[in-house]
Amino acid sequence: MVKVGIVGGTGYTGVELLRLLAQHPQVQIKAITSRKEAGMPVSDMYPSLRGHVDIPFVTPDEADLKACDVVFFATPHGVAMAQTPELLAAGVKVIDLAADFRLKDTAEFEQWYGMAHTCPDILAEAVYGLPELNREAIQAARVIGNPGCYPTSVQLGLAPLLRAGLIEPTGIIANCASGVSGAGRKAEVHTLMAEAADNFKAYGVKGHRHGPEINQQLRTIAGRDDIDCLFVPHLLPLIRGIHSTVYARLNSAGQAADLQATFEAAYQGERFVDVLPAGSAPETRSVRASNTVRIAVHKPRPDTVMVLVVEDNLCKGASGQAVQCMNLMFGLEEHLGLNLVPVLP
Amino acid sequence: MVKVGIVGGTGYTGVELLRLLAQHPQVQIKAITSRKEAGMPVSDMYPSLRGHVDIPFVTPDEADLKACDVVFFATPHGVAMAQTPELLAAGVKVIDLAADFRLKDTAEFEQWYGMAHTCPDILAEAVYGLPELNREAIQAARVIGNPGCYPTSVQLGLAPLLRAGLIEPTGIIANCASGVSGAGRKAEVHTLMAEAADNFKAYGVKGHRHGPEINQQLRTIAGRDDIDCLFVPHLLPLIRGIHSTVYARLNSAGQAADLQATFEAAYQGERFVDVLPAGSAPETRSVRASNTVRIAVHKPRPDTVMVLVVEDNLCKGASGQAVQCMNLMFGLEEHLGLNLVPVLP
Amino acid sequence: MVKVGIVGGTGYTGVELLRLLAQHPQVQIKAITSRKEAGMPVSDMYPSLRGHVDIPFVTPDEADLKACDVVFFATPHGVAMAQTPELLAAGVKVIDLAADFRLKDTAEFEQWYGMAHTCPDILAEAVYGLPELNREAIQAARVIGNPGCYPTSVQLGLAPLLRAGLIEPTGIIANCASGVSGAGRKAEVHTLMAEAADNFKAYGVKGHRHGPEINQQLRTIAGRDDIDCLFVPHLLPLIRGIHSTVYARLNSAGQAADLQATFEAAYQGERFVDVLPAGSAPETRSVRASNTVRIAVHKPRPDTVMVLVVEDNLCKGASGQAVQCMNLMFGLEEHLGLNLVPVLP
Amino acid sequence: MVKVGIVGGTGYTGVELLRLLAQHPQVQIKAITSRKEAGMPVSDMYPSLRGHVDIPFVTPDEADLKACDVVFFATPHGVAMAQTPELLAAGVKVIDLAADFRLKDTAEFEQWYGMAHTCPDILAEAVYGLPELNREAIQAARVIGNPGCYPTSVQLGLAPLLRAGLIEPTGIIANCASGVSGAGRKAEVHTLMAEAADNFKAYGVKGHRHGPEINQQLRTIAGRDDIDCLFVPHLLPLIRGIHSTVYARLNSAGQAADLQATFEAAYQGERFVDVLPAGSAPETRSVRASNTVRIAVHKPRPDTVMVLVVEDNLCKGASGQAVQCMNLMFGLEEHLGLNLVPVLP
């Protein structure tokens, strides 16, 4: 049994972690911390967990996190990097669901997250936790920067093309849309139901934090620095789900390639990536509450590729992916506890 | 032209007032106050008003409210009663969309709203602004306590029965449901879209402020003190709309009566109350964005009457009713500016 | 391994059955029939099942249903009663998710379902499949009439009161609301999203098929024929979920009783019925995609009890309950394959 | 008063026409036809119209359409072209909300709509009814092909760029999303609420009818035949609203231009086109139930322009635009009856 601690279990990635870990056969949840809610049973805040997670939130001091095998941070940006050094020193592995260990360039981190990075050495060691692209490094990692929700979908949509060198490096467009749970469980006017329901809009149009993460990773995947992807997020009137419509210009190799075969080969054997038959359009509900990503690739013009990707932003886009990383880090079957059939309708 | 001031134009009843008044042919909006947003054009906050309301919010000090004919308060409870004495003294009429002038019993007000009433004399003078039940008093009023959203629907659903003495005084049940805009434009977790969408629940199960308002008014309508209605609100995953399912036991007169005829007679000539044909079930969208209430009366058991009522909580349940009162207070046609066709689908 | 056949796998109860059975450790799905879709892989119709259920629909002739241990009917009313005699004769057990084996009175069945009952002897033998009220009979049954979605919630909400004799037999009101999946996957105008979203209404106001089922069962539970419950369904703008607000008058024993304790005792040890702490209001999302029912009991007046019940209409209200019955019928642990954490948010 | 006939008033563009025309001060609705619903009061089908439109549907034979000044066709494709010749001969003007008079190339029409065009001469005469781009021709027209909902938003978003010659002709991408009312009031499984709510997907990925319409019009606007726009529609889980995110590559003139000023100049004085301040992102609800289009222009890369456009697909995208055309055709003020404040929230 892997002994697990969760720091910050009150948000949506926290409750999703609890949903997944409560159904995981090889996990023991040792502690869930919340400074604010300490003493309250977790299931008082989330009645969905009644009968499944029957422990209370504890303060960070009460939680003996150093006795855990791994600690998940489902916290605001900045919390994980403050506590990780001490945990690592105690032999505890760390998976951060926030952005502390995603951007390798500390200047970029400071620009987008408004704080200096306090442990650049650990950042340098940290592994980007996208198993389909990075499996071996994750298996050996002590610290995981769990990918952002949008970047997961965009990377999985573009990786086969980039690795095979089939597209032009610039002019890539990732036109993405996310459900409101992506904004978290913060009391804010713009995500009130009376504001966000029956409505649709772009946001972050002057630049969004996931833009640099996407470009950093696409450059790593392609192995070239000139990749440029324009990322445009939109807010969907639904709870869970991300849909990415990604456009790129095919180079001459790409125009000649069998794109469907390229994708099928790239993800053969991947349990959580499903390449749909040619001509398909995936829908977000087909992955609801599951760790699966579904992808369809199209060639709407001889020189244009369009990739459609859906994921559940809270599961494969956050907590499911984190559990998948944990499985790899502890030598468990990669899909253990994650073999969930999506909920439809 | 009626010169209008609005105190607190940033909430949903405020923007709904602006939507209605901007289309009203006999109104001039003189000032909209918001201490917090002073200087910002109203249409920056509500782009829907661009081209229709092109004035900025001003501070209460800048707004020369005493030069208005009437001031609407679309504010938290307590604001109107603080400012009304001075306005009345200056000859300005007041319509309060909050609860300051609804409950006649100051002890009850204090119990439910957590503050002492500061002008009981004005409260005594204030008129409850439900035109279909109280038209003449409204025409002569200086101060209007605009009814709560739920109480409007429950009163209109029960008034014909109470006035005709057809039901038992106790055991009345008002099982009601409202869209989330009824909770206002406050940043709170429980009305986030990720919390309230795709969900349904009762709330206020230990008692809700509209309970005493409903019973006060039903007693007034019936002219007897022993009326008791159990009010149970539920939160609907939609933006606008209230649906009330009201049950009462028919007395012997009621069991013999033609209930459909009773309702049709009661509301004959009423422009904003539509009694549906026998056997109907009104739907909230049939009154969306309009000042209309639709009612269906049923007799599911020989001794039981069930009344179904729908209204738009922001319009007839708040701002539309306030404008209707204003029209009456200033001798205008009652439906002026309110003859809106509901938006369906 | 229990060998399972499903007749009519294309509707929502069908896909929910497949979701549950695909995750069940002791089930082997032998055949799914659909005359219309024969030959199409199930996962072409429901991409959510890709990788989990990879068999095609077959015609009823191709399906060797007699080789199954149990056959589920997720079909329109009337199909199960046509095929059940032959299956029973072959030693196959039957669980009907439609209404063929719910109403014991064949005249009542004919009145509400518009067809004569063709096997009254089997109807007489059939067991009403609500395990919390009927466990032993289910264990021994060959044929299960799986309860309707609304009746499940109303019965579980009233059973403790009826068994303890705490309420008056008449004047019971079940004010219920269901998400649109309850209407099934039929192409009909009134359940189009442009009709049903952002809308709320009562329906079936002249009488609904679940009314006689509710009263039959409440009479059985109470052991008296004079029980009368008025059932009023409403259509919620959400996909999954039923919420029942049930009112009854307390008799003198009921007024003296500790209702909270009564409910807790009644459901002690029940894995799928969760009695909430006093003062609670359950929400539909707290049981989303799970087999759990949550109940809160209130006493809003000295002589009135109000019970709030939530369930997932497709799971505990249909397919989950059917799997629970199957587990009992085959001597498996009752919760096998059903220990699902609800999906929230 | 303009005497108006409506053929096919039962769909969503029909009821929206009725909503607008019922509030239009210079219109008299003479007849609404529906072969199937003849005899039924319009307000029985659409209770929202009770008290506003109190006439019944009539058969096409009963309707004396030749006595009208103008007839709107809110019908399936093909109906208008069958009846238009006779109406024109009788001096009646025609506005078709379907596609019969949109595509100028009859082969293209046949390819996309599966029927031969029966009156190519009238097609040649027909005017594309997008007033902001085509005002004078509309004023003089006898027959209007009312634009498709998506094409309206894409054209208004690209016209200033094309007219000023600021973008490359190819590689234009119109990534669009529409609410479900765009699919009409047809009973189909894929637009059931249980299918379309809480879901998002692309559709028409192999080609959509609005693609050729968009390219025909962009070529006309630009005055060059090599324009190519890739149109990708998506289905939004909301009722009303279209959002288009349009990308194009700026040529050298475009890279040097002040795009914000270009758009403001292009739409100066246009009552129904609102160019938002630089840096904005329009939301669909800001135009809900109104005839307004809001546009924001962005330059996310030195060589890339991104235009965001919102409209109400039923109003400016269909019936509102048709009324706007009618106003022009009959010398009325262009905004008469259309000066509606959007409904928000």
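Going by the order they are written in, the chains are A, B, C and D; count residues from 1 in each one.
The rule is simple: a contact is a pair of C-beta atoms (placed from the backbone, for glycine too) under 8 Å apart; a residue touches a chain by one contact, two chains touch by 3 or more.
All of these numbers come straight from a predicted model, not from anything done at the bench.
Which of the two pairs, A-D or A-C, is linked by more C-beta contacts?
Spelling it out, more C-beta pairs touch across A-D than across the other pair.
Quick check for the class: compute each chain's Cα centroid; which one is farthest from the centroid of chain D?
It is C.
Taking the mean of the C-alpha atoms as each chain's centre, how many Å separate chain A from chain D?
39
Provide the C-alpha centroid distance between chain A and chain C, rounded to the nearest whole angstrom.
Taking the average C-alpha coordinate of chain A and of chain C, the gap between them is 36 Å.
Residues of chain B that touch two or more other chains: which are they?
Correct list: 12, 181, 185, 194-195, 197-198, 237-240, 282-283, 285, 288, 345.
Which residues of chain B touch chain A in their complex?
Those residues of chain B that touch chain A are 12, 179-181, 183, 185-189, 191-198, 237-239.
In the complex of these two chains, what residues of chain A are touching chain C?
Spelled out, the residues of chain A in touch with chain C are 12, 15, 19, 22-23, 46-52, 181, 185, 197-198, 239-240, 271, 274, 276, 282-283, 285-290, 292, 294, 314, 339-345.
Residues of chain D touching chain A in their complex?
The touching residues are 171, 173, 175, 177, 194-195, 197-203, 205-206, 228, 230, 232, 234, 236-241, 243, 245, 247, 249, 279-285, 288, 296, 298, 300-301, 304, 306, 308, 310, 345.
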